[in-house]
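You will see chain A twice below: alongside chain B first, and alongside chain C after that.
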Partner chain A sequence: MPFLPCWGLPGSGKTTCLRLISGFERPTSGEIRIFDKVFNEVPPNRRPVNTVFQDYALFPHLDVRDNVAYGPMVRGIGRQQRHAEADRMLELVKLGGLGRRSPAQLSGGQRQRVALARALINKPRVLLLDEPLGALDLKLREQMQEELKSLQETVGITFVFVTHDQGEALSMSDYIAVINNGRVVQYGSPQQVYDLPRTRFVAGFVGSSNLVPPELSEQVGAASRWHSLRPETISLVAAERAQISGRLHSVRYLGSMQRVQVRVGVHSIDAVLPASIQLPEHGSRIHLGWPGNALNPLEDDA
Partner chain B sequence: MRFDDRPSATLRVAVIGGLLFLHLPILLIFLYAFTTEDKSYEFPPPGLTLRWFAVTWNRPDVWEALELSLKVAAVSSLIALVLGTLCAAAVSRSRFFGRESISLLVILPIALPGIITGISLRSAFNLFDIPFSTLTIILGHATFCVVVVYNNAIARFRRLSGSIIEASMDLGADGFQTFRYVIVPNIATALLAGGMLAFALSFDEVIVTTFTAGQQQTLPIWMLEELVRPRQRPVTNVVAMVVVAVTFMPILGAYYLTAEKVARR
Partner chain C sequence: MTAVAAVNSKTHGIWGRISDLMWRKPGLLVATLLSLPILWLGIIYLGSLFTLLLQSFYSIDEFSGMIRREFTLKTYGELLSPANFDIILRTFLMACAVTISAAFIAFPIAYYAARYARGRLKALFYLAVMLPLWSSYLVKIYAWKLILAKEGIVNWLVSELGLSFLLNALLSVPVIGGNSLSVSYVGTYLVLLYVWLPFMILPVQAALERVPTNLIEASRDLGGTQRQTLRIVIIPLAMPGIIAGSIFTFSLTLGDFIVPQIIGTSRRFIGQAVYAHQGTAGNIPLAAAFAVVPIVIMTIYLWVAKRQGALDAL
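Showing the complex of A and B:
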């Protein structure tokens, strides 16, 4: 049961992507397939898909329980049964006992969980989440990330999760689609995306990769094109085994690691080294090496 | 140091004077409903009596006028509720060519002097050979009733978050269910307030009615005619009290409906 984050800069087309799946936008061309069935002509209310909206979109005139029971209600399920179901869902998202509150009386995190319960009660095959954690503060966000992930494992449905936070995307997902200018630039497991970014955009976006320009690539004996190089694959080596040498420019202490910036001509390369390694004086010449496959060739961005 | 925020004595006197000036004449109207003198309005009244209430009760022309007024107010508010709500929904929920102009055109009748609305409606009805009847009065009243409902509804629609409508669709509701379970509950008080104001406006309308009525008389028109002849004058005053009551209640109701909403926020 995959957890698929779509992930891109604001305005890159992530939300549009969700609205295409949920049916609020129509594709100008191509097909929307959900589990191999084409859904282009099916309106939102008849798709096996539910959405957790960015602003949660709870109904202000209904209490929490009736919000959650809304889906069963429009399907014609009796009051008693749908309220029982709603209470069960509220237990699942750890809001048991808050059913009689009005949405206005809840905190941001609680509202989000109500929105989640309201979507999940319909047993969708796909759950869409539109930056659902964007409005929460950092601590609450981390807590909700964990809860979402474990919930997703409990209920076993596909979550499509839109975010512009790379950490969130990497830590929560089974597959990632990186979106730029409305196109999926790369699709794969978090590890694939992290280790082998396909384009400069992906490499620049997935955290802290070194972007090696063509002229520097030539210097180290690789093809004359852009490459990405993860800082943690780089190590200090003896001068005769160095792939590249430069001047030590700055050191940032990160606890168990240290982040070292090395100037090579006009370019600079970052390396993350264990904190135990003794470094020479700033400005002195140091030599860097990496395993043969660490230099990852990049395609040009479309 | 604090500013003294209590009003000065002069300000108090001015406020009380202003309020008296506004409302004393209305009280006078009420007073004359009890006078024993029926030819002219004499102050102070030579004597007080309740007999004009009985006289009014037994005048069939009063009942006819009251019935017509209630009918016209009810039907034109109903038309206004349907058209005003639909129009507000269209203008606030979708983008289309001429949207701003439609908004302006809908509001225009309340800005136009009633006499212009009246004259233009009269000539239009003449032009199309529509006989003046209850129907034409209702149409005339609907022009300004729609505005009141529209204004109330559009304010509420603008506050309504668009995503709760999408949320409803997303959760499996069709268009009708969304309207019934999400849109109506969220705009109901605004519609009720708009409808009540429209009713009150229609109930005491004179100018447009003068131009769009045939032989029939609404209550305000009946009063106008009645003032001219010096016979059983206090009957008019009794009717005036009824008109004040009937128009004041819905306005008060509308006020509380909208005020309650503000307090809850």
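Showing the complex of A and C:
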């Protein structure tokens, strides 16, 4: 039961991807397969897919319970039964007892949970979430991330989750698809995507990797191509063990860590070092080293 | 410092001082801006409305034809006489027919304009809806009289299509039929529908534009068919626009006295009754009582609409 975040910059095609799965856009070519069945010709209301919309899209003229009971209602299930079902779903998302409220009376986080309950009541095979946490403040967002994750484990269906927040994508996923210009540029586990980005786009996007240009790669004895190098893998070493040396350009204090920028010729390399390390004066020469596998070769961007 | 003080203390005339005063007392500014419109509304509109109400409680002396300035409900009683009550019922039914038909015709047009028309097409839509409102009301109605007359284009077209029997069947229906379309209630209905339709299309279109697309998508996503989406999501959310439009078409039809005068039978509508009683007949109290009828009907209509919750989303 995977949790698949699609992750890319705004405008890169993530939402279009969801709309293709849900049926609001039709592909100009190719096939939309959901669990190995082709759904190209099937309208949205007959796909085993439900969406949690970016701004929740709750019906303002229906109360919370009728919002959640919308799916069963259009399938022709009687009032009593669908209300009972809706109340059960509201319990699941911890909104029991709020069924008679109107959506306007709820907070952002509560609305999001109503949207979730409304989508899950249909027992979809796939649940699509379009930046569902974007409208929430940081604290609420972290709490909802936890809840979404545990909910996904409880109900056991595939979540396809669109976000442009890399922290969200990394912490919540079983698999990640990184999308750029409408293409999936890398697909894999969060660790794979984080440690071994395939292209410069992915490397630049996941956290704040150093992008090492070909000429600098040659200097450190690697192949003449672009590499990525995570700043936290770099450490200060003695001159004789240095992979590269440069001038200390700037230091930013981050609490437990410090972020150090080192100039090597025209290039610069960032390293994240423990804050306890004493640094020499600005402009002095320092020596950097990293484990052999830290330098990750990149493919050329398509 | 002194230079600044000099600038500030420099007297700048009566307008400057008034402007300073307005800044210090914002309430005064609002009062100044609103006094003229409020006077206008108060005296011209509410005043004449009140005078009208007052007149309707007077009665006319049957022998001298003079107005007796004593409060009585006698004039309202006259409204219930069979001839007068027929006028009210006829006007009310016509207003209902026009309003309901206008809602059904306007909705698809407004829906298309709100959901699909873009750019030039949308401009064309506005032009097509508004254009009739820019030409003279009388000219339009006389044009319709010609269109609907026995020698008119409708009759010609119907006979060319070999469908004369249908039109004749319609015209031979008692009450609504007649010698030709232009002298039947069907004709009155068609022309009223035509002249008031824009007042239904525009508010419905505005209401439909405000229905967020993602609600429609949410309904489809949750399994709703297009019909269910229309019935459960779109129409309830567009209801304020439909109500607003129906207030226009309903009240305009209730009060119109020119269309039924030119097109239709010789039987009167409320507007014509008001016109006749305050004019040649000189029965101002009865005219006033007739004029109160649409006001009462509209008040009841709005009250029912409010109770049904149709105005909640306004």
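Quick notes on this structure:
Please note the rule applied: the second predicted complex is superposed on the first by the 302 of 302 C-alpha atoms of A that agree within 3 Å, B and C clash if a C-alpha of one lies under 4 Å from a C-alpha of the other, contacts with A are read in each partner's own complex, and residues count from 1 in each chain.
Criterion: a contact is a pair of C-beta atoms (placed from the backbone, for glycine too) under 8 Å apart; a residue touches a chain by one contact, two chains touch by 3 or more.
This one's a predicted model, so the numbers in the text were calculated from it and none came from an experiment.
Superposition of the two structures on chain A leads chain B and chain C into a clash.
In the overlay built on the shared chain, the residue A:Arg241 is in contact with neither chain B nor chain C.
Contacts of A:Lys139 after superposition: neither chain B nor chain C is touched. Once the two complexes are overlaid on the shared chain, A:Arg75 sits against chain B and chain C alike. By the touch criterion defined above, A:Phe59 reaches both chain B and chain C.
By the touch criterion defined above, A:Pro44 lies against chain B and chain C together after alignment on the C-alpha atoms of chain A.
Comparing the two interfaces of chain A, the one with chain B and the one with chain C have residues 22, 24, 43-46, 49-51, 53-55, 57-61, 70-71, 73-75, 118-119, 122 in common. Chain A contributes residues 22, 24, 43-46, 49-51, 53-55, 57-61, 70-71, 73-75, 118-119, 122 to its touches with chain B in the complex. Of all residues in chain B, only 161, 163-164, 166-174, 177, 181-182, 185-186 touch chain A in the complex they form.
Within the complex formed with chain A, the chain C residues making contact are 212, 214-215, 217-225, 228, 232-233, 236-237, 313.
Residues 22-24, 43-46, 49-51, 53-55, 57-61, 70-71, 73-75, 118-119, 122 of chain A are the ones that touch chain C when the two sit in their complex.
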